[in-house]
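Before I ask anything, here is the structure I am working with.
Each chain gets a letter, A, B, C, D, E, F, G and H, in the order it is written, and its residues are counted from 1.
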Amino acid sequence: MSLTERELRRLLEDVAAGRVAVAEAAGTLSGYVDLGFANVDVERAERRGIPEVVFGQGKTPEHIAAVARVLHDRGQRVLATRVDAEKAAAIADLLPGLPVRYEALARCLCVEDAPAPDQGRGPLLVVAAGTSDLPVAEESVVTARMCGNTVETLYDVGVAGLHRLISRVDLLRSASVLIVVAGMEGALPSVVGGLVARPVIAVPTSVGYGANLGGVAALLAMLNSCASGVTVVNIDNGFGAAFAATLMNRAELR
Amino acid sequence: MSLTERELRRLLEDVAAGRVAVAEAAGTLSGYVDLGFANVDVERAERRGIPEVVFGQGKTPEHIAAVARVLHDRGQRVLATRVDAEKAAAIADLLPGLPVRYEALARCLCVEDAPAPDQGRGPLLVVAAGTSDLPVAEESVVTARMCGNTVETLYDVGVAGLHRLISRVDLLRSASVLIVVAGMEGALPSVVGGLVARPVIAVPTSVGYGANLGGVAALLAMLNSCASGVTVVNIDNGFGAAFAATLMNRAELR
Amino acid sequence: MSLTERELRRLLEDVAAGRVAVAEAAGTLSGYVDLGFANVDVERAERRGIPEVVFGQGKTPEHIAAVARVLHDRGQRVLATRVDAEKAAAIADLLPGLPVRYEALARCLCVEDAPAPDQGRGPLLVVAAGTSDLPVAEESVVTARMCGNTVETLYDVGVAGLHRLISRVDLLRSASVLIVVAGMEGALPSVVGGLVARPVIAVPTSVGYGANLGGVAALLAMLNSCASGVTVVNIDNGFGAAFAATLMNRAELR
Amino acid sequence: MSLTERELRRLLEDVAAGRVAVAEAAGTLSGYVDLGFANVDVERAERRGIPEVVFGQGKTPEHIAAVARVLHDRGQRVLATRVDAEKAAAIADLLPGLPVRYEALARCLCVEDAPAPDQGRGPLLVVAAGTSDLPVAEESVVTARMCGNTVETLYDVGVAGLHRLISRVDLLRSASVLIVVAGMEGALPSVVGGLVARPVIAVPTSVGYGANLGGVAALLAMLNSCASGVTVVNIDNGFGAAFAATLMNRAELR
Amino acid sequence: MSLTERELRRLLEDVAAGRVAVAEAAGTLSGYVDLGFANVDVERAERRGIPEVVFGQGKTPEHIAAVARVLHDRGQRVLATRVDAEKAAAIADLLPGLPVRYEALARCLCVEDAPAPDQGRGPLLVVAAGTSDLPVAEESVVTARMCGNTVETLYDVGVAGLHRLISRVDLLRSASVLIVVAGMEGALPSVVGGLVARPVIAVPTSVGYGANLGGVAALLAMLNSCASGVTVVNIDNGFGAAFAATLMNRAELR
Amino acid sequence: MSLTERELRRLLEDVAAGRVAVAEAAGTLSGYVDLGFANVDVERAERRGIPEVVFGQGKTPEHIAAVARVLHDRGQRVLATRVDAEKAAAIADLLPGLPVRYEALARCLCVEDAPAPDQGRGPLLVVAAGTSDLPVAEESVVTARMCGNTVETLYDVGVAGLHRLISRVDLLRSASVLIVVAGMEGALPSVVGGLVARPVIAVPTSVGYGANLGGVAALLAMLNSCASGVTVVNIDNGFGAAFAATLMNRAELR
Amino acid sequence: MSLTERELRRLLEDVAAGRVAVAEAAGTLSGYVDLGFANVDVERAERRGIPEVVFGQGKTPEHIAAVARVLHDRGQRVLATRVDAEKAAAIADLLPGLPVRYEALARCLCVEDAPAPDQGRGPLLVVAAGTSDLPVAEESVVTARMCGNTVETLYDVGVAGLHRLISRVDLLRSASVLIVVAGMEGALPSVVGGLVARPVIAVPTSVGYGANLGGVAALLAMLNSCASGVTVVNIDNGFGAAFAATLMNRAELR
Amino acid sequence: MSLTERELRRLLEDVAAGRVAVAEAAGTLSGYVDLGFANVDVERAERRGIPEVVFGQGKTPEHIAAVARVLHDRGQRVLATRVDAEKAAAIADLLPGLPVRYEALARCLCVEDAPAPDQGRGPLLVVAAGTSDLPVAEESVVTARMCGNTVETLYDVGVAGLHRLISRVDLLRSASVLIVVAGMEGALPSVVGGLVARPVIAVPTSVGYGANLGGVAALLAMLNSCASGVTVVNIDNGFGAAFAATLMNRAELR
């Protein structure tokens, strides 16, 4: 935690005056808030440029709501991924008065007072091979927007009908960072990577059957891409791709 | 074994007259010649349209030469694959007077009195992604020619430089069967498969490193191809692809 | 997209006269119709000889119906695979007046005005090792018929009772292309491949248990077949085998 | 160790009289002889019906010779597997006067005063798919003969030329136990298993390339055999198959 | 099919006289009965000594009942494995008057008029490491009894409490064939194998968690057993082990 | 079983006097109690210092209750792991009057008359990377306490926010044994292992998605830890880690 | 290929005047130069911002030299990776007069007239866990410098001695892009990723033994990193990481 | 690094007086010595109780000698593992006057002025299944002795001859920590673990062939051990097991 001396002084004065609770001040000073079941890393926004994001799968609505409140109270945007519709409704009930929004296709829950201002060098483009890949692609879109990027999309342009992609080369080349989402044989990032001069992040999806091995086939293809400059994230990890793309796209070096 | 009655009668007369040895006649009748270390399937040319091919890896020059002689004596073309230069020379020494030819890049040894006549419906095209894939691609070329196909090639057209492939779409579409050879991410058959209306046989190669897992990455990609109509053979199996392509390309149904 | 100049002229006149909507004309010219959630590759029938087929798994009835309508409106046959009975009923309700047909065992939904005329060089034979393999085998049968093949079948002839297969060698040899479907140890394509002189497409199924690893055991066996000329498709991919078989069986080279 | 009281008494008398060394008597009583680098399980012949066999790979000639001497001194047959020609010569030099024999193709070293008498219920048959499988098959043959079986062989009868196998069904059915050795797709044990009413032991070999994964493809195929009654041993384990076959074939239950 | 000439003559007379239906006679002559959805291998009892067994998983009650009737009508015992209680009840309803019996723990359905007479050389022993392995072990027990063996059991004797096994060595050594069932680390067959002089068939189970990989850990351990003479069947394949054990245990060589 | 002669005498007197049932005495002498479905290893507490623990998954409430009663009657603590809430309630109903306790997060059922006295050399520390790892971590906590350890915890200190861990180095160094639980990339044990001079037991969890392969990714990372002194247990095996930690932490060598 | 009309005109005039050979002009227009064995993608520098790089493994010195000459003649920098010392010397002999340089630890051969000017937004930092990882790390360093980056390094800072890393946090935070190279458990990128707000590219190496599976353990760990923003390249792919880092670090968007 | 103020003062005085070089003092203060190619973690002995150990594989003699000198100069024992005889001789030549010792079977190089005093709670026992496992077992022995343990051994007691192990139960129970080394099916740690009340560290070895998968079979078996309290290290990692055992065996808690 790196408070300036002045911020530190003010914090202590606030504690002395009862304006800030002791526990909260301790959290600010230690860099995390201990909720018993979790240590919320409130310093992350400062340290990494993006606040802690909640991986919602396997967590209770109560836990997610509690973390969301801590982050929102500190003025940070809240994003919870892998949240189904039912859980999202339960969380919203637990956070009355907060600006909760649910993105169904992306399975993301957001809490933000206003859209994030664009902090990127240029537009970020999310490309998807097939319609079955859309939930993963949309997780990228929602994450990237909340992290302060302008986002465009190009969907259903798999390599079996190459003309659909070739006809949009201008769009591909206009992006400052590209996220390319594909399942099955995972060939699309290699083809896109060969056409542009900007970073390409490949996201394998578990879409497919048989010997796709739950997305491992696409993952291996992307790691072995003959198009240099392609880097890869975990299977179905649309969030991680957008997080990485944000770091690549930041106009200001921090 | 399906000799006509007349052929059978002639064979027996030849045996009676000493023109054909008993052992050989037994071989003809049983459909194979027992060399002690091997049962040469001399009936295969009749049954499958292509004579038995020798997989040369791990066999001694003496064994390969013996089988070659049996096949050549019956008027069949001889092809031995996976034969290195040293072994090829040793085999040639064991077969004086026979028309032995060695194809170095393809690592194939051939024994044939004349080029095989074209029995195909059209030209067979062998496409390769990179120069490292050429030994496998050439194994396909040599095999396909010996099996009676006209063969053309298109090499070093990997998807990282798509314009090299796109500029040759006419060539791709002129072939009656295509063999597409690729290592690394194995994307090329999917792209080619999307561009043509003829059978595409994908051959994964062990070219690459790291997580290519000896060609398994390319193999999985090809099996999961989003381009319908692509079928796959074993890693580095240029011979098998050409054999299958020959069956697909035969002008006469047998 | 390769319209002749004359077709192009007529299309533009139709647009000018209001006979064809602008969006549809754009689709015709670009080679695909943009439905928002999907780019229907309407050019595929021309480019590959077979229209785009819908992989129904994971898609909503609404999406499938919309794509079906686009294709049917352009005079193309519609095939949607991996559609369960409930979803098929919902789709049929969304397409009143269209000739929708559901093939239950094959889990396929078809929309066609009349059976496809036979365009093949000869009959296509689908062979299956056991009764548990029938859903995959029937997916091949339905697909192959819609693609213009005469199809025959030979079921439950696994290698544990070899006499069932041997007694039908004549049927095996009468086919111009063979699709051989098997789970467990996947031996059947090797045995069949050794008996015929025509292309054999092997389809591994996920039938079995324990160390069959979801069909990977059969897949590996088929890729390593000692019978040359066998090519392989993905696990349970009856559709892909039939598509490939159609390309091999076409009487007219396109 | 289960010496009768009488044997025990005699042993102790021998020790007292100096006819047997103390260390050796200790070995007899404990059931093993401690050579420092190894505890030779001299009781195994009694306990399991077959003496301890030396796995020669990775052992020095000195170690193998020492164990061989211990076993031979106790009147047991000696078999060392995975011994190359050079190592065999070195061992023979270390055992002057002993009846050492080297079986080159099987890579086995044997020390026995006379052939083992036949203790089996009937002939044991070793079947091999291809000539490349012979080293493994011969390891079975040598082992089985030393363990007291009459052995017959049937080689190069892979399923790609089924007539070679079918024509020998009588031989297959005459055996009391069958060992079936195959690499590549490993289909042969399933076919043989379907034809006979006696135990079939399947031995996968590492013969093949590409996706045979060092024999794993054949191993999986055999484990998933649709022919009931097939049991499997480790890849290339010709010795283990013969050992198991011996136990199955023993005329006398012990 | 190997009817003697006399049997053949009688069969034809029966057909002529209407005592046997044409379809059934065709089945007898061809060696299988074609039910449309299946070719029942009625010749298997003669060829392999044990009738065809129905793998019940994934089959409908109607299909199982139909095959059961064909087999029972020919005087063969019927065994259907992997049948849950509900399906068993449905099958029993479809076979009124037949002696249907359901073995719940083994998940096996049996139809037999009387217990099978003992045809073995001695008792067959089924050993299981833990109580979770009992369903697989009991599948072996039921199968072995129907195939004509006297069966004994020894359960819950895993190697973590070795005294439970050691105290029963006499029982282990009294068996003519042993089936050893274990999950987790799969060590039990190696320990048992080292103690007896009779064949040991190892059955890995999917019991365990984490890195047991659905039984693959136990399977690999058994294939790599340091105790010679152990052979292995597929994961959870209690039926297969019993079938193989029956072939090994037959008093009469067929 | 190692009763002193005096204990043995007393036991027999008790049997003679009817104070102990014959079956129970037999159990005591043999080292296990045969319940038909299980051989309870009642000697384990003496032999290994910790009583037999029941792996509850897949067992019926009746079976678990029966074993619990046997152990409790012999004065041993009872721990059943992998018991869900519903099953726990059923077991409690079957054990009226016994001190049954259910730990919900750890999914453990305990029966003990009093807390176990501390027999350790120092406190045992359970560290967890994320909140999703808590069920596994708590299984360790409950087990370790029942085995006689003082336990402390440090949760949600994953390496993505290293300051949370670094600020607690004193706590890490105060423990005599550490159990470190982590999913995803499994890096935490390596980091902790580098900071302390006491044994570290790493527990991989199945937490994560995509290429975590059900915990195999974390498992492999831990096995390859660059921090020496880290040993590993099976995926999600919180119980096993605590059992091992207890053996390491015992103040008295037994 | 996107020449302006003016460039095109000049090229044609040069051809007409004999200043440019026809073959070379064809190459310029088609975007690649056909050397027979390879199609050199001379357009790549324009299209992707970095010229084609030669993967030297498995290529002959003659082939590498020929491609190098084509690229150098067009004023492009030449980089060949995976070139051992002997091959490098042979290539240098084939390119007399060219500024060939060999970087031994990185196994890279470079041909450049002058160092590349810095085109990055800030310094690029290469971090390596251990000394065995240096060849891969240095491949990154050499590549990144040739692509126009200022590069700094931080080596031997594996997580087993965390203080070595923590003491250099300022260096970590000063970089605009970080490449983190690690074998064994691959934990370092997760730790670094948690400390910085810039893109982190993880490079798994094959360093380690046993269950590192040739680098797959480290690869999986990196893909499952709990530190968001980490993207991954293939095992040992130092070149690919540097290529991707260059695209991320470019000051000018192209 | 935790120097007391007094030690710090003395160090600075030594620097001022020229008695200690600046670079060395910097190393002492930073906790590591920067050799350019490596940061020697000289603080590790203090932090972890055992000095840094050199993994010799892939390192040059010069590098190993340099690190050895740094450690020896600071009065620490030096251990380099995975050093072959030739490299050991080269290192010894580079360290004249130092007490270098080479343990050939263990492939370890040691530099120590005197044997390490025993700091353990009791003897440490190394158990090995077969003679092929001895190099790994001896690596444990040498490491454990240098770390201050009394070590005993029990070799060649694999489970195929269980009496060899059972007869030594007293030895097993006398140890305070046990290291159990086994390849093939890896059953020995489970059997030993069930017999003792002290920690058991299992070391899988790559000994075996076929489906042992380079030691993965043994590794999986050990991770799935039914004997609680067994923890596991990487394949062939005798060093790591001894390091962990040392931490478990320390009489003094640090």
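Remarks
Convention: contacts are C-beta pairs under 8 Å (C-beta built on N, C-alpha and C of every residue); 3 or more make two chains touch, one makes a residue touch a chain.
Because the structure is a prediction, the values reported are computed rather than measured.
Shared contact partners of chain B and chain H, listed by label, are D, G.
By residue number, over half of the touching pairs seen at G-H are also found at A-F, the match among A-B, C-D or A-F. For the two copies, chain C and chain D, the CA superposition rotation is 180 degrees, given to the nearest 5.
For the pair chain D and chain E, the distance between C-alpha centroids works out to 28 Å.
Centre-to-centre spacing of chain C and chain E amounts to 38 Å, using the average Cα coordinate of each chain. The centroid of the Cα atoms in chain E and the matching centroid in chain H are 50 Å apart.
Among the residues of chain C, those touching two or more other chains are numbered 160-161, 194-195, 210-212, 216, 219, 223-224, 228, 234-235.
If you check each pair of chains against the touch rule, the ones that pass are A-B, A-C, A-F, A-G, B-C, B-D, B-G, C-D, C-E, D-E, D-H, E-F, E-H, F-G, F-H, G-H.
For chain D in complex with chain C, the touching residues are 129-130, 158-162, 166, 184-187, 190-191, 193-195, 208, 210-213, 216-218, 220-228.
Chain contact summary for the complex, chain A toward chain C: residues 131-132, 134, 155-157, 160-161, 163-164, 167, 207, 209-212. Remark: chain F residues 47-50, 53, 121-122, 176, 194-199, 201, 219, 223-224, 228-235, 239-241, 243-244, 246-248, 253-254 touch chain H in the complex. Chain D meets chain H in the complex at residues 1, 30-32, 37-39, 41, 43-44, 55, 57-59, 63, 204, 206, 215-216, 219, 234-237.
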